[in-house]
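What follows are several structures.
Across the two complexes that follow, chain A remains constant while its partner is chain B and subsequently chain C.
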Partner chain A sequence: MKKILAGFISILLVCTSIAGCSSSNKASKEINEPSAKEQKLTYVSMTDAVGTSPILTNDSASSNVIRGIYETLFMKDPKTGEIKPLLADSYENPDDNTWIIKLKKNIKFQDGTPFNSEAVKYTFEKIMDPKTASPRASLLKSVDKIETPDDYTVILHTKEPYGIMLTALAHDNLSIVSPKADKAGDINKNAKGAGTGPYVFSEWVPGDHLTLVKNPDYWNGAPKIESITFKVVPEMSTAVSMLESGEADFLNAIPPEHIERLKDNKDISVTLIKGNPTFYVGFNFEKKPFDNLKVRQAISYAINKDSYISTLNGLGYKSNGIIGPKLIGYDAEIEKHGYDYDIAKAKQTLAEAGYPNGFKTTLTVANTDAYMKIAPFVQAQLKEIGITVDLNVLDWASYIAYSKAGKQDIYLGGWANATGDGEELLYPQFYSKSIGASNYSRYNKPDMDALILKCRTTVDQNERLKNLRQANIALTDDVAWIPLYDSNVTLAVRKNVKGIVFEPNNEFRLNNAYKE
Partner chain B sequence: MFNYIIKRLLQLIPVLFGVSVIVFLMIYLIPGDAAEIIGGPTATAEEVENIRVKLGLDRPMYEQYIKYISGVLRGELGYSFQTGQSVSEAIKIRYGNTFSLAVFSAIIAAIIGVGAGVIAAVKQNSWFDYLSMSVATFGISAPTFWIGLLLIVVFCVKLKWLPISGFSSQFWTKDGLTHMILPSITLGFSSAAMIARMTRSSILEIIHQDYVETARAKGLSERVVILKHALKNALIPVITVIGVNFGGLLGGAVVVESVFAINGIGRLMVQSINARDFPMVQGTVLVVATTFVIINLLTDIIYAVIDPRISYK
Partner chain C sequence: MEEIAKQTGLSKVSTHKSKNQIFELLKSIKRNKRACIGLVIVAAVILIALLAPIISPCDPYKQDLNIRLAEIGTKGHILGTDEYGRDMLSRLIYGTRLSLLVGFFSVVFGLAFGVILGLLSGYYSALDTLIMRVVDVLLAFPGVLLALAIVSALGPGLVNVIIAIGIWSIPTVARVVRSTVLYIKELDYVTAAKSIGESDSYILFKEILPNCTSSVIVYATMRLATAILSASTLSFLGLGAQPPLSEWGAMAATGRNYIYQAPHLTLLPGFAIILVVYAFNSLGDGLRDALDPNLKNAI
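After this line comes the complex of A and B, so read on.
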């Protein structure tokens, strides 16, 4: 019997040791590897796109596809973060409520129709129409009227000054669609010919894959890549294996536990850049004792952010500010603010707040990987100062509903900023009118409302930056939330793939990608 | 028999109606709705409300259900809240994948399970008996996703013998077959283990009975005794296990579908629940429930075919 068991265990060990062996078996038949020179890219995504229309979607999987098919009037420079014209040629502000945008000429949609001011007007008016129910209609909420004096001029009149107009116009969801394609069919399912971008929609098998092919007539130079397949692989371990075996060419948003495995692979290069997605502990300001600044300070003092970041395999970095280093509006001065780990101060501040023996509370968490790792850490840290934390773990949809309704005490939140502008964080998170929507903290302070509105409406960009910095300091001092860490975003690519541009918000551009 | 089948099929109607009401209530009673998910965390209250109105989620609950069920009665499963795709179309794309995966896994499980079980019983207390029953215990207890990931790393990443993703239900082509091997083994492994244990104990119970001894005394070869006399009678409980397991394979396929990136109905169901995509959840649950009931019916029919003592009136 013992021999039999030993035999069985040996077989298992052989299997696991082959699995753990790092050298590849060259003698074996390599059926997975496509020919290196074939200009075809496969990207693996955890989730499928919701749709292919920028007007009707608001998720990152759809945005990755949309960025290939369509283009915006302006774009954020991936390196500097500066907003520069893309389909637009130039702009001017004769006054704070008027944006005159000149468009580039001789650009055609993939369906052959010309890109002109009518297309811009059509797209924006469709987004603004409540019947369309566009999830990002708020980007154009300030726009009152759109005029098109000629084919290449668009005038946007706003109800009030809208300082972040250019940032909004660089948002993927304000990509311009071909009116002809949009009227002819449902571009949310089949976007053939609907954009001006470097790639054309080819095929979509929902739940499985979506394919784009090269636009040979692309106005800014046809791409070298013939086709890109967005393959849906919900399991990260499988996605990593596909990259290792050559079935996939690149993937992003890699969790810490897979980083070392990929770095050790000689065929794969891992890029790690400082990103803007941030994770934080939030408070419900409408519930006691979290309306008390000293309680919030004590909780911040009690959490050792450095210690948690050290467990992330280099995927996180620390910043004290609510507006982090990779967002417009950040200034290094903020690092002098905030309340760093100091357990003695935490206990003392909690006692000063009137809770020398701590209290009991609930931490609401969504059941995604990142939050599930943070939650027990925060729970254990707060126990040190006498705060007993019960975890309330919810699935994503329930978490959103629960938090919007303000039922939580404290909660774990995350924020990825698509535009890279600090204002896109302040207005949704801390403006009083966002309560019931994305202001889960139910933060409602008239002074801060006024400052946030200034950040939104000031057209003079230098002035606006000053306001953003001031707001960042005020919110950080007030412990509006406790920044735990900002994420380093990751991209793993097979080494024969070059030219992918990767951005701090985890997005990528494939215009100049190619295979060696 | 014919009347029995018709009766069982008619029983499907209240079963499916009950399932649809329960699923509807469950989806509506848990917090969060499709509009919140589509809007995402950045959506304003106004944006979410516009989406809600567009999807009809602002209407009273009973009205939404009546609208849905009247559509179903006309043979229309509706459209996904999230993607706008036709539910029947979405199910059509995925059902073949899950079903062929489950069938293939069941075949593998049955062949390996019955084969190992018979040999283990006949050669009781031999090394084969110990080894196969140890593997079976391991198969029942090892998590499916772990086996799947282990097989991927060994056969796809290191040895590069088989592909990881790209599953299609075209198992009659060489390409389709290579894509089906690992997912089917992964899914069928625990099922095979259960069948092996059941077959072994069932045969052990029978081979010492008088009629088997009689068969031996008649001078029949051991092969005929085991295969014709013992196995046939031992198969009834085994078929129950295979039938019930097949339903489990359909449901359990969601893990294997995720690990091998198979575009199947289990994954669609989980995604739809997470997105509160009510029409899609209803559609997938109805299809899986129908399949489950039909498989149970087929299992009952097979009983009668194998054992003439069983008849349905």
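After this line comes the complex of A and C, so read on.
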């Protein structure tokens, strides 16, 4: 017996020493490589892109790639949030239903074909065509007809006034594609030459990596970076150690438990900016007792947001508004509204609602990290006022199907706003016709519907803001959601990488990035 | 819980055996040091589980976010606190209840079906092929994978974990019982019972079953260790105990996110699992040495 044990241990020792040798070899090789000089960037992401065509995708992993290959007519200034022309040169509104957009001249797609009004018309008509089934066709839903009087003028006629036209045109999914490349092949799998952007699609090994190389003829000055690799690493801890070892150059959406460690690393700089993704407790308004305002108020009073935010290592901040501070339509006046933590009031309000001893309910949660961390907290907080909460933990796809069908009682939700406009939250979340799609709360109030439509159709910007603010107050007073926290977005970059532009919606631009 | 119940059961049915069987068993375990340690730990764990509400210093579900991730040795929280500021010691203590319950019920579930299938299969050669081929199919699945598939189909939750691990135990129990039955049914007293015209059910349940008990007890004790380990595995994968239950596997899984800041969140439940699994395995080994018919020629 002892002999066998000794033999086993010695084999184990030999194995580990071999493994140790090989890994140390690898490490020394990496140090010897003059990687710092090479203008190559590696980004690690938890999820792979779904596709490389702006027309056919609607997820952040794909958008990160698409933003390098393609460009939009307008873009949001990352610092000020103001909408500025990108491929467009200027625009004018002769009336509320007409948008005349002048395009920049002398821009070529990466496949050599010229960028002109035909390409814009082709792209938008393809998105609007129901046969394409574009996931973001809603962005152009109000557009009736597209005219191209000459090569560099596009006229968009809308069915009704469309207030957020410019914000929509700045959305990654309305990037312009080369008609030639799109007709020639499936640009959703191989987007070679399909955009006007600073980087050209090179190769994609699904589930492993996707590579872009620089576009030397880029109209706005060729980028300094030679190639960018989007690497898929499904484990956050692995991704973090890759950044530490220099295998990866940057990484975003870092969970709180890794932040301190990265901040302590002197080779890495961590950027933290107030972002717009928001996490909330939602109610099913069609189920009792959540149709009762007092019950919703009581639950809001029972949740101590500050104490939860303190656990996020600075990755979350508090706002009472359903339209949060980083969205168009927010105004600081909203912080006086809402129902903040007050356990005595919570108990009292619940008793007034007719539930002095609480009740039993289910909290539906998706099984991803952020939600699974919140769930036991909400559960424990509601227990304090006598509400017994069972957790209904579902995988992401089932969670969405379950909530769309309105089977949940209360649920944990999150909303990241790509356009940064409050209207993009109101319409999908609280408009009655969005029930069965993204209106999980099944919120259905005629006053609110009218207000949301007004926000959508008003072209006058000041008028629009007034409507958005009014809607925000009405929803917050009505506890349509209990906003738990708004997230700060994080980017961790190795210190020798400069020039990455980072935005409050967790997106980044690499046009001017370079390595020192 | 398990083995004490089984032992008293054993002494009752085996009337033709010496009354001192338990005493003899304990003596044999006493001679075996490992088994002795196992027995002491198992007894201690059962005691802890029974007395959980009395001996836990705090409410295991009471959150206090002001003292989250407290280290081992913090005043008032000897083993520190977890990511919600819940007392680790209390959570571990309540965790023994869950682990023992899941282990016990899944083994009972597996035994209930496994023993019957084994008896039928061993006694009636006509049924043997059919039952054993089904058992072969179940055995062909690599361990946890079968449990994983069953839980995925039934949905997460502790009850479903019990069912899954129970189903996974059936084929092995059936095999063990069948082989014993095959041996016993050729013995003289079974032939004698047959010749005086006793019914099949009498022979199966009154003559054969009591004499399978020792191998079943040994198997059940060892199986408890596997069941506890598998339940923790499934909980670790998010398919078992749901929050806020303090199941050890689930605790280790959520603690994993904090492994750099607060390693005790993962390590403590890990040690607890190791300890209990080790104890049941050692005890099972000792029982086998004490009870195994091949070693002692007891039957």
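Keep in mind that, in the parts below, the second predicted complex is superposed on the first by the 482 of 516 C-alpha atoms of A that agree within 3 Å, B and C clash if a C-alpha of one lies under 4 Å from a C-alpha of the other, contacts with A are read in each partner's own complex, and residues count from 1 in each chain.
Everything that follows uses one rule, which is that a residue touches a chain if its C-beta (ideal position, glycine included) is under 8 Å from a C-beta of that chain, and two chains touch if they have at least 3 such contacts.
Predicted, not measured: the structure shown is a model, and the values here were computed from it.
Student: Touch check for A:Ala437: first (chain B), second (chain C), both, or neither?
Tutor: first
Student: So, does A:Glu247 touch the first partner chain B, the second partner chain C, both, or neither?
Tutor: A:Glu247 sits against chain B, while chain C stays out of touch.
Student: Figure out whether A:Thr311 sits in contact with chain B (first) or chain C (second), or with both, or with neither.
Tutor: After superposition on chain A, A:Thr311 lies in contact with chain C alone.
Student: So, A:Val50: does it touch chain B (first), chain C (second), both, or neither?
Tutor: In the superposition, A:Val50 touches chain B alone.
Student: Taking the superposition as given, does A:Ala332 touch the first partner, chain B, the second, chain C, both, or neither?
Tutor: Touch partners of A:Ala332: none, neither chain B nor chain C.
Student: Of chain B and chain C, which one touches more residues of chain A?
Tutor: Looking at chain A, the partner in contact with more of its residues is B.
Student: Once chain A of both complexes is superposed, is A:Val393 in touch with chain B (first), chain C (second), both, or neither?
Tutor: The second partner, chain C, only.
Student: In the superposed arrangement, does A:Ala380 touch chain B (first), chain C (second), both or neither?
Tutor: Second partner only, chain C.
Student: Identify the overlap between the chain B-contacting and the chain C-contacting residues of chain A.
Tutor: 237
Student: Spell out the residues on chain C that touch chain A in their complex, using ranges where they run on.
Tutor: Counting only chain C, the residues touching chain A are 61-63, 65-66, 68, 83-84, 156, 238, 242-244, 254, 257-261.
Student: What residues on chain A touch chain C, complex-wise?
Tutor: Against chain C, the touching part of chain A is residues 237, 255, 257-258, 260-261, 307-308, 310-311, 367, 369, 372-373, 375-377, 379-380, 383, 391, 393.
Student: In their complex, what parts of chain B are in touch with chain A?
Tutor: 30-33, 36-48, 50-51, 53-54, 82-85, 90, 93-94, 127, 130-131, 134-135, 138, 145, 149-150, 152-154, 156-166, 178, 258-261, 263, 267-268, 271, 274-276
Student: Write out the stretch or stretches of chain A touching chain B in their complex.
Tutor: Spelled out, the residues of chain A in touch with chain B are 1, 3-5, 7-8, 12, 15-16, 18-19, 21, 24-25, 28-33, 47-48, 50-51, 58-59, 130-138, 186, 188-189, 205-208, 231-235, 237-238, 241-242, 244-245, 247, 394-402, 404, 415, 428, 434, 436-438.
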